[in-house]
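One structure is given below, encoded as structure tokens.
Per-chain residue numbering starts at 1, and chain names A, B, C and D are given in the order in which the chains are listed.
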């Protein structure tokens, strides 16, 4: 089939390539003329024969919104827009409404795969009517991994991004699981080769997984991760996962802990721990600033909230 | 080689079978005469030619301790004891000392594999001196999975059980990750087929893993898990993981949250939430007992800590 | 001064009384004619001499919005609206804009005090311009407690509700702190009188507080809280606190844990723990449904992820 | 009455003074001769007339153990030892057994009060038999605050330290509650005077408490706590609280979060977050080391696990 693809960055560029390998025609547009097939969105739409399918692969929020707005003007009734970016699921219903008023269909699609997607395929989760999904199914089939799994029609409009968001929430907590375990092993006197422990876990264990394989790869290039700072960005999807849980009164302790750990990792100093230090100083006369002089549990360990004397 | 194996339950029985398939001689003892090869521990020791290797596969704590005590009396200098049970790593040093006083070696070995181990092999993490480990290496090689991975000499005495303990801590948090994600998906209006979303994740995603495969199997037999109670036991190893983290001042929020979720799952009613209800009643006059009449956020939602009036 | 008060429920009715005791004139309107001073919002506005101050004390969300909409039509330039309900701080800016277009001022005010406010005074946190705040200051002074503290001009429009929201977030976590401590004490064999421990803490300790006093009162009427279910509603403000933290990348582990504990308390059974049970069953053959037969750590304790045999 | 007091440090010295003000005779011993009344433990015991009561106020663990050991040799049947230090409750039973073998009684006593205790009194929680407690009651009465509350016979031997430990656990979580709220308020654009918000909360609110008063004092000396590092020591009691909870299968999410926040505050860099960064790099090609160049959500925000292109 024929597909218009808007956004040819790290993800979109590779997706164009994989769809073409699947035997389809892709006309790609990007603001960067060096990588674009056409010079404008108008030209993109004009070069597709109807009914058209245009896949939007641009940053969520303002960029996606303006692209949808433009497409609503340029496309014709019976055409279809797919939002394959990382939009918040709450945006999907709005985009669907806006396009429906013009007779244009809408499918949202969460895409996972990163830099591995071109060769291994992209995991796809999409939402929309069966009719709309059918129009883009050949492209889904080209993008997905070759095996039995890797793509799903998750439900109504919004379900694709919701499912992808939850995937990322799970991913956060799984990464945190391995990270906590790694730090604990590294802290143990008896364990002399943490990397080999991780390596061994790749077979026969309950925790074998792709993330474990990646952890081993990372440790192979830097056994104690000394070249890295313990600093982790977070994508909007982790935040949205927690917000969706709050909306639905679902307790999400492990995923939320993982998100908060990332927040903390980005603070040079922790305001809340300054307050803890200040309070300890107020009631206990605990030394608070000479932090460089204290040991494991602080200057007043053990049992220091009422600091015991040096007696006996 | 020749191995004495003490404890032929669900794990030990299968391990005997797998070691024998590996071409070794196993003489097994169990209190249950129907499954034992010999009638007593004395007989077991007597039927092995020295230097002997005896693998202990009995419940951690008192049963393991008494078995080690007996073996310390029965074995000879140069013999070796392997503790393959789920002992706490802090027991290993004690057992090693006790046996060393008699000239007997000691290796601790954490074993993962459950009911799948007989066919797929057992993941093994062991600790001890290189010399002691070498004596039992052929058995490790018979038990482990066939691939490149699945067994590791993790470090000194205690390192095997420590590594296995951390494996289980990671496992707790990974299970919790999927469980939270599943509950959130089930709570979403737009997602109409949660099981198919999970199934699709088995390829191309960041979270593909053996636990995900198992989740799909579970959902295939009971799509909404309606036959189960939300009740989860915990093994000692989850608890020990958190205690080890506390000893080493390692923050472990996701693993600990997973442990606490299991604690809560086993309470018919939550004492701490009774106290929350009591306090709300004290300061706000909130209804506390007519819980069956309240909705999502309770009778006084929204914004109920200072209950707004019915005005306007 | 003269005040119009919309909403005469549990909070508004008592506030009317306290403002009147402060020597001011209050004309109250409520949909319930039995408690209202006037029959309609129009009548309320008509009976105030300008410049008018109208305090809105109705449920947040739709009721507050419609009241603000009506007042925007009824009031005149130079008048002032105070929103004293539990509105989300993000609504305040919208309400201020809407009223400003008509020349009407706006102040948001978070109110704490519950059933104790009439006698002890209400803690007030308000946001808005100095000019607008000055217009309602006499009413704030009448409502607040008699001591030096209890009211604050927290900042711009929205700051009052934001501060009140954070107050409630802190409150959640403080309640949870006492609740956790109480459950732990109740679980200890050695502690024979938990209530007296709580009572004793009311002097000389670091944790003495009004919430502790309330806990003692609650225990005095029901020593083990046996008449209560461990079920806790949550107001919107706890949820909004966590959402605000996510917006600002502030880690909030204790407050969020308190919110999630309330979510869990309202579930008859936990979906996520069903998934944990299902996974345990898949990999370990753990019994999952015969939960009534298991003890503290479950049937397979200790160390049950690889269930040890009964051997030795 | 007459009391021997071992340990005259920051706590013990002030306690000696307060007990003397209560009209009792205190003979104090400390390793530091400048502050001691007698030159040795033998001299201390010799100068007391029987039946003797000796209060031990030295660091928990080895120092307390050796003092108890020495007193077991020096004292006579019918004498009594009080451990007023921050011993772990699990030590109490052992000390009681050891002394009982010599006919010597034992009472454990948790003491709260810090630098404020001399003037305001010390909160006391003690455990032991009614007979033993009666022997030291006059000293308890002298030490406690003057009001109705502040001391409690919590239960059997160990109950005093257990109750004090839980007090400290609650204290951790209450401090964390205020700290989280403070950081969130400081992060809000609309709130222009966080210190005044905290000050106002001291009356009329649900969260009024001594810790809040201390927070206001701290902010009065350093409005944004700029002179402090966000670094907090922890006493053994916070750790023991979590361990006791694990022993009793009590979920303790807020208290544990507070403990972990302290652990994290003492890490120059977080090993676990290095692993998170490493994993993100592996699957997404996320920049990990150029952390100084990234903004709020990192270089790849928004929605960065599948980094969107620069398109449209």
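Everything that follows uses one rule, which is that contacts are C-beta pairs under 8 Å (C-beta built on N, C-alpha and C of every residue); 3 or more make two chains touch, one makes a residue touch a chain.
Everything numeric here is computed off the predicted structure, so don't read it as measured data.
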item: Neighbouring chains shared between subunit B and subunit C, ordered by label; value: A, D
item: Proportion of interface numbers common to subunit C and subunit D (over half same, under half different); value: same
item: Pair exhibiting more inter-chain C-beta contacts, A-C or A-D; value: A-D
item: Chain at maximum distance from subunit B, centres defined as averaged CA atoms; value: C
item: Averaged-CA centre spacing for the pair subunit C and subunit A, given as whole angstrom; value: 33
item: Chain centre separation (subunit C, subunit D; CA means) in Å; value: 30
item: Distance between chain centroids, defined by C-alpha means - subunit A, subunit D (Å); value: 41
item: Shared interface positions of subunit D, touching two or more other chains; value: 112-114, 168, 171, 176, 178, 180, 183, 187, 206, 211, 234, 249-253, 257, 260-261, 264, 266, 272, 283, 297, 305
item: Sites on subunit C touched by subunit D in the complex; value: 89, 112-114, 117, 120-125, 127, 144-145, 147-159, 162-163, 166-171, 173-174, 176-178, 180-181, 183-185, 187-193, 196-197, 199-212, 241, 244-245, 248-255, 257-258, 260-261, 296-297
item: Subunit B residues within the subunit D interface of the complex; value: 206, 234, 239, 242-243, 246, 249-253, 256-257, 259-261, 263-264, 266, 272, 283, 305
item: For the subunit C and subunit B complex, residues of the former touching the latter; value: 6-13, 29-32, 56-61, 63-64, 66-67, 85-87, 111-116, 168, 171, 175-176, 178-180, 182-183, 186-187, 211, 214-215, 217-219, 222, 225, 227-237, 253, 261-262, 264-267, 269-286, 288-289, 291, 294, 297-312
